[in-house]
Structure formats: structure tokens, C-alpha cells
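Note that the chains take the letters A, B, C and D in the order they are written out, and that residue 1 is the start of every chain.
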């Protein structure tokens, strides 16, 4: 029986491991074939079938962990994605909807089709014209070792910012509540499809975050006399950038399909609760 | 001959008066019938036909002055508006496209149909369920005499902010570069149709501006134990608000039609230039 | 027996009234003569001796209420102040140290001399060269009815800011955690004696709060083409300001003497707790 | 003749080299013995005597370049410093007072004693109890490769901030207009001796910059579950920091002595000019 469900589990987390075992038992009780992502190394999950994120994927994926687990998983799926169910195991899990207490119920709903699919757009990223993975949250250009970078950011061909500072963020709607929010960007209502461009600590004190159409192209050029930078995609460092490099960010052909159950949840309350529990 | 063009001229500005005379001469040379808004009191313009913003309007309006002149004019036109041509006479005129040096040329273009109509949405405002004028830029609730107000702001029925502070702004896309920008809101690309909700100096330091769909309804309630406030619509004070009052802001049936000539102008450059020339 | 202690009680607060009665009973049990501020209108306190804040003052004052009660009391004492004991009755009482649960104990300590006197500087305020009351927290110049003011702020003779916006705040160290903090100012360690100048929503986006010596003179001039403003001193509106008006803020000859009991309290924790309980 | 003046010259800058030659000629004409810092590699300066910043220093130093040149020079002088004259050669030179057009005049003033010495305090930095160089501007803890750090910052033993974010800055008064300003810190009047603690893009949105006494000790601890960080002192990376590391910042025994000529210069104007010329 081919596995119709794949499990991706956060590493080195006894919490995630325990949740994964509960998910596995639930799937077994439902007679559903499933496989575990091949790099998973919990002994308790070692007897199950394996699958690779780079290979053929099951129709449905269950991701157990935090936002980082989900974002890293998606960086590996650069094509039409299966429907994902996110189960929170840990403190940070804004993107993951299912709480630990409801694991069995939601996994059953997921298998039996009682969910809504919400599709989130991703952003395509190019470095010096070479394609990099599409991101769900953000592409962040950061000064290397704290030495100020100099860059010019254009939106659809028009210069929008000249920054001497720590860098710049281009974020999706869903990423607007992550790094971009901490850096001074606005909260974006999840119903909108826009991008947010946020300067990072610019010497140019008059600069402000800019909200642009989701279909826009942002081009960021490090000037020839800039210091070096690096590029972080959804929190994963992917590339060092030399002076003169150009990053382009625009629409990606493949979005992300997430299973959602709740209706009428207050997005703002959920956001502030998350932000304030950090105190 | 019925006047097909109306002139609205900023008061007490020798600059605006001079521009108005140039416009009048240009219209005369083109044999176009025109009228002057009736409250205009420059002697040099006293011999022309008059019209009222509250009565039947000419097909086309030429507004001469600053952003304030345009906004006040529009507050008086709460219906399908004529096409407006804005001519800048003074420092502040971000909404007005035509500069003094090109008055004759652009008036000719305007009369002879060589322009593009851009339509900007307005926001409908209700105070305790009573309809107030639609705004082009923003509705601002402000503490009266500096005594902190307490309010709850909801977006489409969900509580989005609880503010103890100086007030709140609900701005359109085009208003995002006015009061909302000074108060910490983001710059919004003019191609988007969104609204921005900006808290004014809240005690709740974790609050951030929120970008919402242009079709959203924002409801703002002063709590029973709040101090008094007032409501400013496009910079004009219109109403005092007692504790317990509720303001609702949503889509307006009638937008604003502006004549535009320039293509490929850099919105960001224009914006920063304006902001920085204030130094 | 001349009253050696005066009681000032917040109005229209059953909580403050109840605390005042507990304070009165404690003072009676200690055989201490006391008087109640003359505008107090709780029937339960009507039988006690009265005193006026404008007349001869008792050696010690007990203020019961919130920060507003304390600030208003001090606006009436424009001379060497008695030692003040602040008792919190209500939500907002950052300046008042004594909590309700410890009223009897602290009043006894206060009467029997077991406290430390902490002196806070005040700021003298002049409007068009006329002396106004010294403030403990802040002097705030605010646009009247939301119409943008234009002003120039100088520090010790040097132009420091040109503001087109909602106004400006000059705050003491202790006021830095009040209105100034909401408006974007920094938190100032209570051991410092500095002032903070905070622009209110300026069009000039590059402006930032400025921290200056406690002995500095700040001069604020409304330009001739500004709209009108008003001046709020410690939250009380005191004066309307016409274009061309000048406000000067500098050291005040008389500080405020507060009784303090706690040692080693974490100022930052107390601050964040207050700020976050507003959620 | 022992050199009484030392020259430190920015590298790879034809502008700095040219200014250095003018300084050398002026010193020769005044019959003053001087030496050039030993790493200087301009052929035109190769015939002069050499000295090492780590060895015995001349009584007076002339630093030619930008702020970076001055800060790097001072990082090498961890003891009672000679009097420094800063000559600007390039765009960024806020700390350097002398402009190119006045080189000969000011060098003569400097040699002949017509200047005022202004002493700026530095901050001592300890990493896991090991002493690092004192800084003139700032100590910056930064997330390595953009992965969020978690830290606790205390001021004189009291917890002041818990940060999950990009890091933290501790700045002197003079450093308040450098990185700290871009990161949201206030401008500090140069007459004050305070430090500013600025959180870098914290998830905890309620955090604000804190101004503390110049004699305070700030302790920053990376939590055990933090990602790695590095420490940048006056813009020079000096140390990688593992989870659990502790940085302490406090007063340094040796300040910096700078020669100053101008009186009555407007600090604020100079600052805004610098900031706005970046546009």
C-alpha cells in the first residue's frame, strides 16, 4: 500500500516526538498508509516507511513542530505542494493551526476530508539571475558581521529606497507578522495578497515600510562600495552576497496549500496573544 | 452658454489667485464656458459666472490650491464627482498633479480630452449610525484637549486594537502618505486598494498599524469611561464624540475622479521629495 | 491642634473614598491631627477639618487616587512642597508607591518617620514670557482640533527641530514613561536628571526624540502661519496658543518631595507590568 | 628629534592620501617632528618615520579619514590616549571636526596649542569575564546569520529587557547618533554622559530604548536555548558568542581626548545635515 500521508517531525524535541507517535497511532487506527520523512531519527518512529521531500510526495503531509519546521519543509518542496496539516509542538507555531490537545480529532478530520484548503502565495527569489527557493514568509538581506550594507531597492522598476544600514526584508502577507513586524513593518490582514518591504535600521531615518501588490517585482542591488551581505530565505541562510549583487523577488508559480478547520477565529487576538506571551 | 468647467480657488493666497487668472485666460482663449465657485472673493475673479458645490456641477472641475483645498472641495461633493484637475499653488500639493509652470498646457489638455481618469475610492463614515461625508484621505478620532481616550477598534467584527491614547486614524491608500504616515503607518503603493488603521500614541506599546482590505468595515467605540474626542474628516472637524459613541468606516458608493497626465512617474521619489523638502 | 497631615482624595471614586476612611482611622489611632482638602465632597469625610492647597499647607500630605490626582494636586502647589505619600486607588498609579493592602502599615511608617525622601525636579513653563505652573511630568503642545501646527523647537538657543505635525512634548525623567513613551520617546532611568523632547507625528519623518540635560531651556515657537494650538501641563489644559506664540520650558525652583519605602524594586519590571496590563 | 606628532591615515583612499601629504608639508613647514602609523602603505608617505599604535605614542595624533578610521585607531589605544585631531576625508565623518578646506590652518592651531580638549568617555566590555577593548561608540550583539537570538539584559542588576530578536546595542552618548539612532534610539545631547540600550527588532513589540547613567553596568546574557551571536565593537567584529555567554558593559578607565576648535556650533543641524545628505 502506497503511503497517502507523510509525516515531518521537528528534530530533538521530545514534545514533537510524542505528538508524532500519537499521530501515527491515529493513522493506524484509521487504516491509513503513511510514511515518515527520511531524516527523522527518533527510534520510536524508525520502523515506519520512509519518504524524501525531494522525491515523490504523499498526497497529504502532516508537519509536527514549530513555524521553523514548516518553513524548512516548504523550502524543500519547490513545486505544487500536497495539502499540509500543521500541528504545533512548542511555543512558536503561529503558522500551525492544530494544538496538541486536539491531535486525534484533527488528524481524523484531515484524513476524512473535513477541512478547508487555504492557499498562500510564495515569493520567487533570484540571486544574480539564478533561481533560489520560493519563500512563504520572507527574503531577508542582512549585513554580514554587522558592517553596514548599501543597497538600492526598486519596485517594478522604480527606485523606492536607498538604504545604508543593516539590510532589508521583503515579506509576504503571512510573513508580515514574523521578522517584518519586529523590524517595524505593519500587520497585514490575512485576506490581502500584498508584500511588505521593510528597511532594516537605515541611516536614512525618513524611510518607512512600503506595502506593495503581491504581483510586484522587487529588485535589490548591493552597490559596488557596499560591504558584504547574506541572504536568508524563510530563516535559512542560503547565499553570501558580494558588492554589486542583485536580488529579485517576485511571484512564485507554486503556493502553499494548508488545511484549515477554524472559522471566525480572531486573527488579531491570536497575534497579540502570541506577541505578548513572549514577555 | 452653460459653464462646462468650474473653478475652485484657495482663499487668501495671492499665488492661487494669480494661477486662477491664468486658468481663466486660457479657458477664454479656448472659448470654453466656465464658472467660479461662489465663495471665491478675489476681486479679479468677481466678474465671472458663479456656481455652488452643493448645486448642479459643471462636467469638469479645476481645483487650484493645496491638498486642503482639494479635500475640502470633495467633502462638499457627496455624489458622483465631475472629473477634477488639480493645480498646485503652494508648498503642499501631493494630491494635485499640475505644477504652475505647465498651467496653460495642462488646462488645454484637460479641455481637449488628453488625459487619463484615475478613480480613487472614498470611505463612508457613520457616527452613531448617522451618515457623515465620505473621505478621500482619512477619518481621524482625536482626544479632545489632550485627555487620553479609551477605545476599541474592530475590523469586520473582530476586535483589532484596544487603545488608551491620543486616538486612531483610518486612512485610504491615498491617505497613507498624509497624517497616517506621520503617525507611524506604512507607505502604501497607489495601485493597491486597502485601508490602514493607525493607533495614535497608545499606552499599549505593542500595537502596530494594520493594513486591511479596502472593503472592510472598521468600527471604533469610545468606552463609557473614556474622555471626550472629536472626529476630523479629511482635516475638517465635523463632530464631537461623547463616551460610548461609535464610529463606523466602510466603503463609500462614490469615488473621486482625477485627471492624470503623467505616466511612469516615480511615486516614491515624489513622496520622499515632498517629505524631505519640509526640513 | 494644628493639622500636621493633609489628605487629598480623588473624586467620584468609591475606592478612593474607602481608602481615605482607612487612612483617617489610622491617623486617629495614632493621635495625629489631620485635615481634608476642602473640595473633597464625600459625606463620610465631611466632619473633618479642612485645608486649601492654595493656603498654608500641613507638613505632610497623603494623596489617594491615581497619577492624575497627584499631578493635579502638585499643579496647585507652586512652592516648596510638603512631603507627599501617594496611595494608589485605581488602575493607573505609576507615581504612587503605596498599594491598598498596605495602607495602615505605610501611613504609620510615614507618620513615624520611617521613609526616605526622594526629590523629583519639576519644569518651569512660560507662555509668551508669562509664568505658568511648574510640571512634574510634561508640557505638551497640541494641535487644536487636529489641524497641523508648525513650530520650531530650540535647545539652549540652538534650533533642534522644525515640526509640521500634531505638536511636541517636553518631559522630565519621571514623565518619560507617561505620554512621551506612547509618543515614541525612550524610557529614562529614574536616577538621571534629564528632559526628553518628543515630536508628535511630524511630517518631517527623520526627526527623533532628543534627550537633553535637566537644566536645559527649550523654546518652542509657533510660526506665524501655523494653526492654533493649546498647551497641556501635566494633563491639564491651561492655555490656548495663537500663531507666533512662544513657550519656554526650563528648570523650576521647586521640586517635589515624595516619601519612598521600597528599596531594590525593579523599575523596568514595574513599568512593563503597567504597560502590559493595559492589553 | 623624537616625533611629537603621529599620523594615522585611512587606507585605499586617494582623498585621505592627498590630505595626509598636505598635513605632512604643514608639519614640515612648522619644523615639527612627526611619524606615520606603520601600516600606512602610500608610496608618497613611505619616506617618513614610522610608529606603532601598540607601542609608545607621540603626544598628539592626527587621524585622517572617516569615523571608521578614528574608531579603529582608538580600538588599538587601550590606555590614556594622546590628544587627537580628526580630519575628515570622505563622506562619513561625524566624529571628525576638521574639514579639508581648513587643513593647514587647523594643523597649525593644533601644533601651537590653540584648541580645547574635549574628553569622551568610553565603555569597557567584558565577554565571559574576559576584558575586551573599550569602545567609543557602541557594543553591538548581533544574531549570527539572521537566526534569532534570545537574551536577557540587566541594568545594574535589574532585568531591563528580555529580547528574542536580532540583538541589542549599548551605546555611549556620542554613539547615540550612529547605529543606535538607525535602530530606533533617541538622539542624546552631547553634554550628557549617559548610555543608551537599544533592542534590535525584538519579537517583544513593547520594548523601547532605555537611557541609563553613564556609570551603569549592563549585563547581557544569551540564554542556553539561543542561537549563536557575535559581538561588534565600534564596528569591528571581535568575538563569536555561544549560547549561555555573558557580555558586561560598564565604564572604562580611559576616555578619548579630542581637539576641538569650534564654539557655538549647532549639534542638531550638523546631525540632520549628515542624516539627510544620505538620501
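By our rule, a contact is a pair of C-beta atoms (placed from the backbone, for glycine too) under 8 Å apart; a residue touches a chain by one contact, two chains touch by 3 or more.
Predicted model, so just to flag it, every value in this text is computed and none were measured.
When the interfaces B-C and B-D are ranked by how many C-beta pairs touch across them, B-C comes first.
Compared with subunit C, the chain whose C-alpha mean position is the greatest distance off is A.
In whole angstrom, the spacing between the mean C-alpha positions of subunit B and subunit C is 39.
Note: centroid distance subunit B to subunit D, computed from Cα atoms, is 47 Å.
For subunit A, residues that reach two or more other chains under the stated contact definition are 181, 204-206, 208, 272, 275-276, 279. Viewed as a contact network, the protein chains are fully connected, with every chain touching every other. Here subunit C touches subunit A in the complex through residues 204-208, 272, 276, 279, going by the rule given at the top. The part of subunit D that touches subunit A in the complex is made up of residues 140, 142, 145-147, 162, 164-166, 179, 181-184, 200-206, 230, 232, 235, 237, 275-276, 278-279. Touching subunit D in their complex are the following residues of subunit C: 155, 158-161, 181, 185-189, 191-192, 194, 196, 206, 208-213, 216, 266-269, 272, 275-276.
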